[in-house]
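Following this message is one structure expressed as structure tokens.
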Amino acid sequence: EGGQQTAGATTGAATAPAPAGGGANFAVITHAAAGDAFWDVVKNGAEAAGKRYGVSVSYQGDGDPARQSQLIDQAVSQRVDGIVVSMANPDALKESVAKAVTAKIPVITINSGGDRSKEFGAITHVGQSEDVAGRGAGEQLKAAGVRKLLCVIHEAGNVGLDQRCNGATEGLGGGVERLQVDVGNLADATSKITARLQSDTSIDGVLTLNPAVAVAARDAIADAGSKARLGTFDLSGDVVSAIQNDEILFAVDQQQYLQGWLPVTFLTLYKQNLNTVGGGLPVNTGPGFVTKDNAEQVARLAESGTR
Amino acid sequence: MTGTGEPPAGADRTPSGAGAGPGADGAVPLLETRGCGKTFGGVIALRDVSTRVRAGEVTCVLGDNGAGKSTLIKILAGVHPPDSGEYLVDGAPAAFTSPRDALDRGIATVYQDLAMIPLMSVWRNFFLGSEPSRGWGPFRRFDVAEARRTVRRELRSMGIDIRDVDQPVGTLSGGERQSVAIARAVYFGARVLILDEPTSALGVKQAGVVLRYIAQARDRGLGVVFITHNPHHAYPVGDRFLLLNRGGSMGEYGKAEVTRQELISLMAGGAELEQLAHELSREEPPVKP
Amino acid sequence: MTVKTAGPGADERLASTGLARRLLIRPELGAVVGAVVVFAFFAGQSETFRSVDGVANWLDPASTLGIMAVAIALLMIGGEFDLSAGVLTGTTGLITVILATRYGFSIWTAMLVALAVALLVGFLNGLIVVRTTLPSFIVTLGTFLMLQGINLGVTKALTGTVQVSGLRRAEGYEQARAVLAGTFSLGGADFRVAILWWLGVTALATWVLMRTRPGNWIFAVGGDDRAARAVGVPAERTKIALFMTTAGAAWLVGSILALRFTSVQANAGLGQEFVYIIAAVIGGCLLTGGYGSAIGAAVGALIFGMADKGIVFLGWDADWFRFFLGAMLLLATLANRLVRRYAEEVRH
Amino acid sequence: MTGTGEPPAGADRTPSGAGAGPGADGAVPLLETRGCGKTFGGVIALRDVSTRVRAGEVTCVLGDNGAGKSTLIKILAGVHPPDSGEYLVDGAPAAFTSPRDALDRGIATVYQDLAMIPLMSVWRNFFLGSEPSRGWGPFRRFDVAEARRTVRRELRSMGIDIRDVDQPVGTLSGGERQSVAIARAVYFGARVLILDEPTSALGVKQAGVVLRYIAQARDRGLGVVFITHNPHHAYPVGDRFLLLNRGGSMGEYGKAEVTRQELISLMAGGAELEQLAHELSREEPPVKP
Amino acid sequence: MTVKTAGPGADERLASTGLARRLLIRPELGAVVGAVVVFAFFAGQSETFRSVDGVANWLDPASTLGIMAVAIALLMIGGEFDLSAGVLTGTTGLITVILATRYGFSIWTAMLVALAVALLVGFLNGLIVVRTTLPSFIVTLGTFLMLQGINLGVTKALTGTVQVSGLRRAEGYEQARAVLAGTFSLGGADFRVAILWWLGVTALATWVLMRTRPGNWIFAVGGDDRAARAVGVPAERTKIALFMTTAGAAWLVGSILALRFTSVQANAGLGQEFVYIIAAVIGGCLLTGGYGSAIGAAVGALIFGMADKGIVFLGWDADWFRFFLGAMLLLATLANRLVRRYAEEVRH
């Protein structure tokens, strides 16, 4: 039934005329579940690159480090030709990555864990860690005159989100409060942010870490009659139009499409030509910022899932 | 003995022929089983039982514990479809898929173990499945005041003076609970009344009332199926006696064919009981007569 | 002493009980006490919490939760669970938004299609449960997972992203928004119309439960399925109708949220299924079925909403948020239980 | 009448004084209630009941439906603590917090509505709470073979021939289930045996066996409390008769003080029943004598 | 015809049933059929899935899930739920890692402290449930939320991050790892020792359930709490012990994972609580209590593990993953049910 069709579609991509890749098999394994807005763009990038080079790319993700490491183990037993992995929790993945390296499978790390990448034997790292991006966001907000910031965490205990808030704290130089909301229930998120703004009127900045929460925060700021400035991570059509309407100051853009596209490109090159880019030094994909100035161009791209 | 498809097997099998019992007038029986059987996994609960329930007649089903009486009842009431044999209602094969079908044909039942919903109040239980309605269209509603009144009246006429019809049935005493079930069946039973050990938990007075109900139902022309272990209850009201033993039928007797004493001894050792009474009290004979 | 026969007159077997005590026995009034405790706790400490603005704020999430909790309560009284209800709110929202923005449907037609799909899902849930007699926990878990996959897979296949937006531009948007996702002023604050829907749904559910034949059947199939069938209750139809009611409520909530945020994520509603059950249980529903009330579930949603927002109003450390929430829920149910224990004695 | 703290109130209240009944020898009674009462919310289930259970005596508790018999039983068995009045075991106030405490004092009970665990097999139910063990230390285990053997033997001696002791109790017939409960209580009852309508679902033969069990227990010196609605069961084995009505005590009678007929009419309209038999069958007098 | 009395000899009331049929009635054997179906499905399509390496691969997640599923199954047979079990695995792991890395405890002492805390949590869960008679669903939901808050709050307060690591350097690490998180070779592949623990726990639980007095009590309190008390079963002690057993299992799993990954996140174990329940239900446990088996739960974990990993082995699109998982679970339980329906007839 449905399963066969989709499986067919994937294999279809793999068996498409392969000018360069020669039917290689790459696994992209991230620390976010399928459907996460940010990581979906990474997935799109990786799959587009796969199609481009005629290699098969399978994307998997799980927020639980244990399960993520199992996914790596699985890829190793399937003898894939390369593994792309995001290391939010390097320690937990150490053993599995080592297994892949021992099996002579090239590994590229993306997004986070750049500092341990080389130590683990990865050929390179693409992207930069969440705290760098967070720091950038903090600095932008500081420039906008924010003194007291509300950092909205939509998944309690998630390392990446925690790092973003930590970075923002550094960038702003103190005065950051956190708020936990549930990304599955936006009505609730809205009223929680409203509640916080109502009860503490000294808050003059809000940083959200997800585009859907950003929209909720925009509504909340309006509901609470607050003057807080709003910044967010990542893009969506709504976020871009809110930026154009001056409701959102900026969106941190890691250009995560590259974190999908580049490693697949690098692995293809490595496989064919044993190329390593930058001699193993990390390749940075950001941070970029989408503001009112460049929002218009980005808007269309965000709608189609590449920004 | 092969049951299915045969002409009424009971006729030449029971001591009293099909047409010989009291009240038999050649009319089509209300209910009829022909060689019915029921198996639960590896357990044969009922084997090849044929009987008839006629209008204006009380059929008593007698037998030891585990003889299959309740299983037979459940076939008649549409809870179980028979695994073998035929079940006819008004002479036509009945394909009951649920007790609802049986109820719609006017067959009301008091079950031995499928009794009441413990957490629901007395009046809700009483009318469950046949709620009196008022109003029209989307505003049709359960007529609660009427329901309460009816329940209180029906229970009082059974000699049960319930304190509060809102009390959950689960907090009633055993006999009170059974009375509610009986009152319900009597109230809704239109053509056939099936009672599985209705008097087991009842006081002497209440049991008397139930026996009188049975007689009244019979006189109104209903067919009654009555199960009991008490020969003193069975004999006064029964017209025909179906005896089951270990899942099989041991024959059917008309009232004319048995005496009370015979019935008691047929019910597995009634005579024994008399002797037992002696044995039990031998140490201290009653002082007064 | 002579043998005494019971006199006629008043019933000597009833102890006199106060009205208050008798009222407290009702499942919802226990929950009301819990709600009062929680309200008093937060209102005493936060001025904003008890201000009209604050009330409007915490009533808002309570309203959508409450609509679902009431539907789930009916289902639970009928002895079944529905784990797919949360994701179904997302599914209906996605259908509405995708149809209205990518295929040019008017909002109302799009919502109608979404309703039809929701009812179909509810019908299938119910049909599978009554036909296979598998526990609904497992069946709706299957639907839950499958819907989750469909939400993501179909949305990505049709739109290339995991989030669809732009409902604002669709035909009929303003009208639909006013009816389902608008606000009304009261005492100087803007309240969401969803609150009215919540009250309406609760009143309707209470009426059905207490005063109609189907209400009687719901209690019966939840209390003892076999006994209910034996007295002729159409158990299968009742259960299927309950699943469809839940699906209808999910559609209502999904539409309200889609209209309000004008965009829907593919993982919307995920994880809410248990919040609904929690609200119903706080409100006095038994997990084993056969007991509970719609008002109770609505109050349960209120308790959950107040505790959830109140902690934010007090500005307690976000890291400890869950801790306080857990403690609060436990205390509210405990207050409820103590009150009822005082008021009644159960057979044990 | 105030119950608590008073000296044995029953003594000057019941037609037969405390020491006058048969088997009374001045010894401390096994169980004694003094003015016990029990209320459920607004429902007064039992009011001011005083009675005594002596070794080697059968105390029958009689009364209408909802009279409070089961409630009294549950107080004796430690299920409910009494709300008012005192409960003494072997002359000392008993503070039972659970039925376990009562069991540990050798008081075994057959309840009317707290019967069996339907999903558990017959042998597991039989030994529930008092499992026979084998082995030592952490290797102590439930002696299953022994358990099965015992169950089969005990049930057979009650006239119940169970097919399979692994069958879940929920699938047994009503009488079979009750038999398991009785066999269990008889097997474990060390000093007092409390039976709440044990014979209600039993066949004539099985009921006879239970009556014989009761007599045997009495002869072995156990105290027996026996509840029934059947005067033909109560009279042969009872030594003392406690009558309850609407939650209150109507007095206690020794066997020497009542005849069977008096007992029947005390049990609310037994005489009526005789007349009823007439009334019911008046249309067609039995053909044979 | 003459009246026939039953002869002595063989029981004429028993139909002859085959051995196969009688075996299939057992709850776990239905689940085994489901497992065979799922295995056949994936093994037929993926060579890696049926290779020794692949087997080692999917047995790994099944083992930790299985340990918890067995403990939860005991609890569910005893009529209770524990929603805090998943988070508790995180709590124990965090305690072990924090004590061993920040306070210089040896691994073994740290684990002992963690065990003590776990048992205390289990004890409190049980005590509150039996004392207040609140449903365990609500009580353990409270504990679940509170533990979540504690995990996050304490970890952040003590370490400043939401993730602690560095267990590799702690004293006794190698030893402890070999016992709990090591591997053993078999047929050329490395299998996790957790698999042995899983088998051990399942065997022990089965023995307790089927052959000891407490096992009898577990069935009884789950089947009918009041009836069980009435015949003298120490229901309160049994239930508390069950909650403590679950907590102990959570400690075992938490330690296994902490030793293996040498780091723990503050949200570890979140969301797993329902997976445990699901595995137990797939394995034939009733949600209402009183029925089920430990082996069944272990097989349920196996089914879940195989379906979960099998879909990845087949390389199906991750967006549709949940859809396939849901379909797979539904089919496995349906196969189980059909088999049992063929083998038995329940009174209905």
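By written order: A, B, C, D and E. Residues from 1 in each chain.
By definition in this document, a residue touches a chain if its C-beta (ideal position, glycine included) is under 8 Å from a C-beta of that chain, and two chains touch if they have at least 3 such contacts.
For each chain, UniProt lists the protein as follows: B, D = Sugar ABC transporter ATP-binding protein; C, E = Xylose transport system permease protein XylH.
Just so we're clear, the structure is a prediction, and the values are computed from it rather than from any experiment.
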{"item": "Steps needed, at fewest, to go from chain D to chain E via touching chains", "value": "1"}
{"item": "Centroid-based (C-alpha) most distant chain relative to chain E", "value": "B"}
{"item": "By count of C-beta pairs in contact, the leading pair of chains", "value": "B-D"}
{"item": "Intercentroid distance (Cα basis), chain B paired with chain A, Å", "value": "72"}
{"item": "Chain C and chain D: spacing of chain centres that average the CA atoms, whole Å", "value": "47"}
{"item": "Chain B-chain D separation of Cα centroids, rounded to whole Å", "value": "27"}
{"item": "Between chain A and chain E, centroid-to-centroid distance (C-alpha), Å", "value": "33"}
{"item": "Chain C: positions in contact with at least two other chains", "value": "13-14, 152-153, 156, 226, 286, 319, 321-322, 347-348"}
{"item": "Touching two or more other chains - residues of chain A", "value": "6, 34-35, 156"}
{"item": "Residues of chain B whose C-beta touches two or more other chains", "value": "40, 43, 79, 163-164, 171"}
{"item": "Sites on chain A touched by chain C in the complex", "value": "6, 34-37, 40, 44, 153, 156, 177-180, 182-188, 190-192, 194-196, 198-200, 211-212, 215-216, 219, 223, 236-238, 303-305"}
{"item": "Interface residues, chain B side, partner chain C - complex", "value": "77, 79, 98-100, 102-104, 109, 111, 114-120, 124, 127-131, 133, 140-142, 144, 161, 163-164, 170-171, 184"}
{"item": "Residue ranges of chain C in contact with chain E within the complex", "value": "128, 132-135, 137-139, 141-150, 152-153, 156, 226, 274, 277-278, 281-282, 286-288, 317, 319-327, 329-330, 333-334, 337, 348"}
{"item": "Contact footprint of chain A on chain E as seen in their complex", "value": "48, 51, 53-54, 56-57, 60-61, 64, 148, 151-152, 161-163, 165-166, 168, 257, 260-263, 265-268, 270, 309, 312-324, 327"}
{"item": "Residue ranges of chain A touching chain E (in the complex, touch as defined)", "value": "2-3, 6-7, 9-11, 34-35, 43, 56, 58-61, 64-67, 69-71, 73-74, 77-78, 89, 91-92, 94-95, 155-159, 162"}
